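Letters are used for the chains, namely A, B, C and D, taken in the order the chains are written, and counting of residues starts over at 1 for each.
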Amino acid sequence: MLEYITSYLGMNTTPGQAGNVFWAVVYILVVFGGVSVAVIAMNWLERKALAHFQIRLGPMRVGPHGLLQPIADAVKLLTKEDIIPDEADHFVFWIAPLIILCASFTVYIVIPFGPTHAITDLNIGVLFMLGVSSLSVLGVVMAGWASNSHYPLIGSLRSSAQMISYEIAMGMAVVSAILMTSLNKSGTGTLSMIGIVEAQQQQQVWFLFKFFPLGFVAFAIFAIAMVAETNRAPFDLPEAESELTAGFHTEYSGLRWSLFMLGEYTAMIAVSSIAVTLWLGGWLRPFPNTLTGPTWDLVFSLLPGFTFLALALIAFVGVIRMPKHPYFKIQTAGLAGFAAVLGLVGIVLFIPPVRDRIQDIFWFVAKVAVFMYLYIWYRATFPRYRFDQLMKVGWKVLLPIAIGVLILTAILGVVL
Amino acid sequence: MVPITTLHYLVTAAALFVLGVIGVLTRRNVVIVLMSIELILNAVNLNLVAFSRLWGLHGQVFAIFVITDAAAEAAVGLGILIAFFRNKETINVDEVDLLKW
Amino acid sequence: MTDPTTYLSHLELGEPDKTFLDSNELIINMGPQHPATHGVLRVILKLDGEKVLGTECVIGYLHRGVEKIAENRTYTMFNPYVDRMDYVAAVSNGLGYCEAVEKLLNIQAPPRANYIRVILTELNRMASHQLWLGTHALDIGAMTPLFYTFRDREEILKIFEKYCGARLTTHAFRIGGCQYETYEGFERDVKKFLDFVPPRIDEYEELLTTNRIWLERTRNVGKISAADCKALGVTGPVLRASGVKWDIRKAQPYAAYPEFQFEIPTGANGDTYDRYMVRMQEMRQSLRIIRQAVEGIPEGPIMAKVPKVMKPPVGEVYHSIEAPKGELGYFVVSDGSTQPYRVRVRPPSFVNLQALDVMVRGQLVADVIAVIGTLDIVLGEVDR
Amino acid sequence: MTPVATTFFFYFLSGLTLLSGILVITQKNAVHSALALILGLLAQAGLYLMLYAPFVAGVQIILYAGGIMVLFLFVIMLVDIERSQKEEQFNKQWLVGILSAGALGGLFVLVYTKGSSLFPMTAGIPAESNNTQQVGELLYGQYMFAFEIASLLLLVAIIGAVVMAKKRI
């Protein structure tokens, strides 16, 4: 048994490919926990960042700087009464949020956080991700239908049309990236997520910059389509608050509603991970060509630690700026403790063996975090599209450009 | 334990096919009839893929063609259904007995 | 338990169709509990998919009988009630009522009072437009302008609070002038506000004016022609955005307006974007008026000679002013007693709301929201 | 990647497929039928994976579960379910239908038992790692013409669906 567990450590592959069930389960649990924590953190960050965009403070009461607010929210949502409308289709109403949640979490099976840090590596990885993430539309449609109410129904009709439309442009953009993986000596590409990143490593270029500006255009199309896929502003028509009260989840409350939110944020992180893997070199560190040599390697490997130390410093400044009133004693202590934990993590990340292992994950997460910030930024800046305009953008702008990019990429791939 | 052979898949596919046929023959709701046709197509696909394990990948290619065909069929079928519903306000197959409306 | 539908049966509500293929229409109730109907407006929408076939406004959820109350109050006592109609532009309401009664009494407010009135009214126009901009943008999906506008509106409310103690329902004016002399530092506060707000207006415009999505959401949405506007009696920025240069401050000047120079911004297309632009320019024009007023404010009394017991001669008067939302008219009939015989208010929101059906027919649900926002209605004023 | 617990997963997935098939044809509500069908399609994708056909499995999920079934749900929502649910669900030929389908099933069993010697039951496992590539080569090589015909078919279907669903032509 112990042998079975330790045997994997020597293998240089993912637990799924090694067929090691124990480590696969461990990875699944870690990814599940990590994503859940990320969602909670994202919740807090979104509220704080959005608040600062809008010259207000955001949550400040629960914990220092509202750090415990997501937990308080979760407790509130869990203890709320779970209302199912009488006229609703109970079974479908019950299962719809679960479908969204499952679809969003299943995607993480193939996301490579590092060369071996993935649950498994399917050789249809990209296809699998697109397919599974497209299943969440079923949950949206069912939630809207099962509520047996007009606003949710309109919301779900909108979202099904929207998600299907943008999936096509998204798929075309993805295909042009996959085409780029085949530009090597053997001329064979790959659909595997790890293979795609390795292809970028081999070709010494992130696909974002490949055939500039073709790669960039494909990436931009994907970046727009993925916002539409996840129903976020400015494409948040299915849940447009000012038009359809809350769209497809109008009738939901408490725990079920929170499942929708969890699913939405999980899906956001998932599609961002696809974008990072396909165009931004996944776990690869930036500037591998220009800033080479052992010195730069060392500098880049120290960055994760420094990032955490910087975060700890910010938290520490927060401690100093806390009001000195005795009322804030516990909060100040809590924030100081948080700063200490961050600092400790930073110091741990300086230890050489940890440093080398964690580097890949750090770069991946950092790139995904940029996308998360973009999501918040969009939400603070843009008004909402109207339904027909949304369709126009999807079908008449994004799709033709995506097909054009695909054709040009193919031609350039053959010529060069 | 009996090892899983191709025959197992074939039997599953046959059962699925029969279920689809029953659905087509007995249901009155057009949408469910169309779904039963999807079941039949899926049974065929399962057969094709199961055989592709024996005789090369041609079966899988055919399965993809069948899926394409299913998509086309669903689009046109549902289009007809909508047009029909608009005129007759019903989706009952038994009432689809006119060649024009 | 009684079946709730039995209560409804005598109302003869037709059973709404449950399907919404294009042969059948979908009827949805927008409001009175809806985040984008600015209070308690209820709009019954007849939809074909998402296309609006017709609308029906149901109003009266906020009816308090303001006009009836007037008949049982003296002229002075009724003055605070008018603030409760258009509660985001309470100062304008008070100005209209005071001037109407002054006309009836045949007295003139002294020039200093008129200047103060203009300053406060224009400040209130700014506040009203800022509130409109924030909520309108929020309806269309842009969250951020709301907080920017509320931040700046706060400064105006602070001036009001310092002047008369109230922020929203100010009751700033009295019949015959103003009750309060300006406080110490009033002019400095106003001048500070004048200096600080233009860059803030630029900030709003930066977020919206050239934003592609904003343009697409507002251009050619809720179009209304000048002829339709006139036929429906629509006034204010909505009328001016359709290209009609009509502003009561110029056409029938009141208070101290003849002494100031300002432009009347107009639009050309009469769509939501033009209305947005007209209001943005009006904010700048308001600032211009305030600057002229605060620099040229004369010394002197702030109250005309007004009898303690107000008994206007028998007669009737109609006086209208340019409120932020359009023509606000007061029709006051006196029977010679201390209480008005009848007060009739011509609220701009109520009249402008009539145009909703014309503006949204044939457009999409999302446009209904945009148009309700762009009409800038306040339900307190619509229902009175 | 070698499959784990093949026997268990085969019975689990094929059981799920058949169960969903039964639900599809027996459920009163068309939405429930569609849900059952989605479940069945996903289970079948799992069977394809076990048959070393990952590409077909992926296409099955994307096209069938994510595309066609959404179309079905869309249409079910558009048409009046409330009333059709109250109507008789099965037509009068249900006995004949089941009998003939049973006869068909019997025929299948007969064919499989008689003809099982015609093909080997266990076969060499095709390399999974480049399955997608091989399918692609076949599609764009040997079956190029069929592929183009299929695309034409889709075009025709698009036009047909638009014309059908349009209000006034």
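In this section, a contact is a pair of C-beta atoms (placed from the backbone, for glycine too) under 8 Å apart; a residue touches a chain by one contact, two chains touch by 3 or more.
Just so we're clear, the structure is a prediction, and the values are computed from it rather than from any experiment.
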Inset, instruction - Between B-D and A-C, flag the pair that has more C-beta pairs in contact. - result: B-D
Inset, instruction - Determine the chain that sits nearest the middle of the structure, using the mean of its CA atoms as its centre. - result: A
Legend entry - Centroid spacing, where centroids are CA-atom means, of subunit B and subunit C in whole angstrom: 62
Legend entry - Distance from the mean Cα position of subunit D to that of subunit B, given in whole angstrom: 6
Inset, instruction - For subunit A and subunit C, let me know how many angstrom lie between their CA-based centres, rounded off. - result: 45
Legend entry - Interface hub residues of subunit A, defined as touching at least two other chains: none
Inset, instruction - Would you please write down the residue numbers of subunit D that are in contact with two or more other chains? - result: 55, 59, 67, 78-80, 131
Legend entry - Sites on subunit B at which at least two other chains make contact: 82, 85, 89
Inset, instruction - Spell out the residues on subunit D that touch subunit B in their complex, using ranges where they run on. - result: 6-7, 10, 14, 17-18, 21-22, 24-25, 27, 30, 33-34, 37, 40-41, 44, 47-48, 50-53, 55-56, 59-60, 63-64, 67-68, 71-72, 75-76, 78-80, 84, 87-91, 93-94, 96-98, 100-102, 104-105, 108-109, 112, 116, 119-123, 125-126, 131, 134-135, 138-139, 143, 146, 150, 153-154, 156-158, 160-165
Legend entry - Complex contacts: residues of subunit D adjacent to subunit A: 1-2, 4, 29, 31-32, 35, 38, 54-55, 57-59, 61-62, 65-67, 69-70, 73-74, 77, 128-133
Inset, instruction - Using the touch definition up top, name the residues of subunit A that touch subunit D in the complex. - result: 16-17, 19, 21, 89, 91-92, 95, 120, 122-124, 127-128, 130-132, 134-135, 137-138, 141-142, 145, 153, 156-157, 160-161, 164, 167, 188-189, 191
Inset, instruction - Name, in rising order, each residue of subunit A that touches subunit C in their complex. - result: 50, 53-56, 150-151, 154, 158, 233-234, 236-237, 240-245, 379-389
Inset, instruction - State the interface residues of subunit C toward subunit A in the complex, per the touch definition above. - result: 26, 28, 34-36, 50, 137-144, 146-148, 151, 207-208, 211, 213-214, 216-217, 364-367, 369
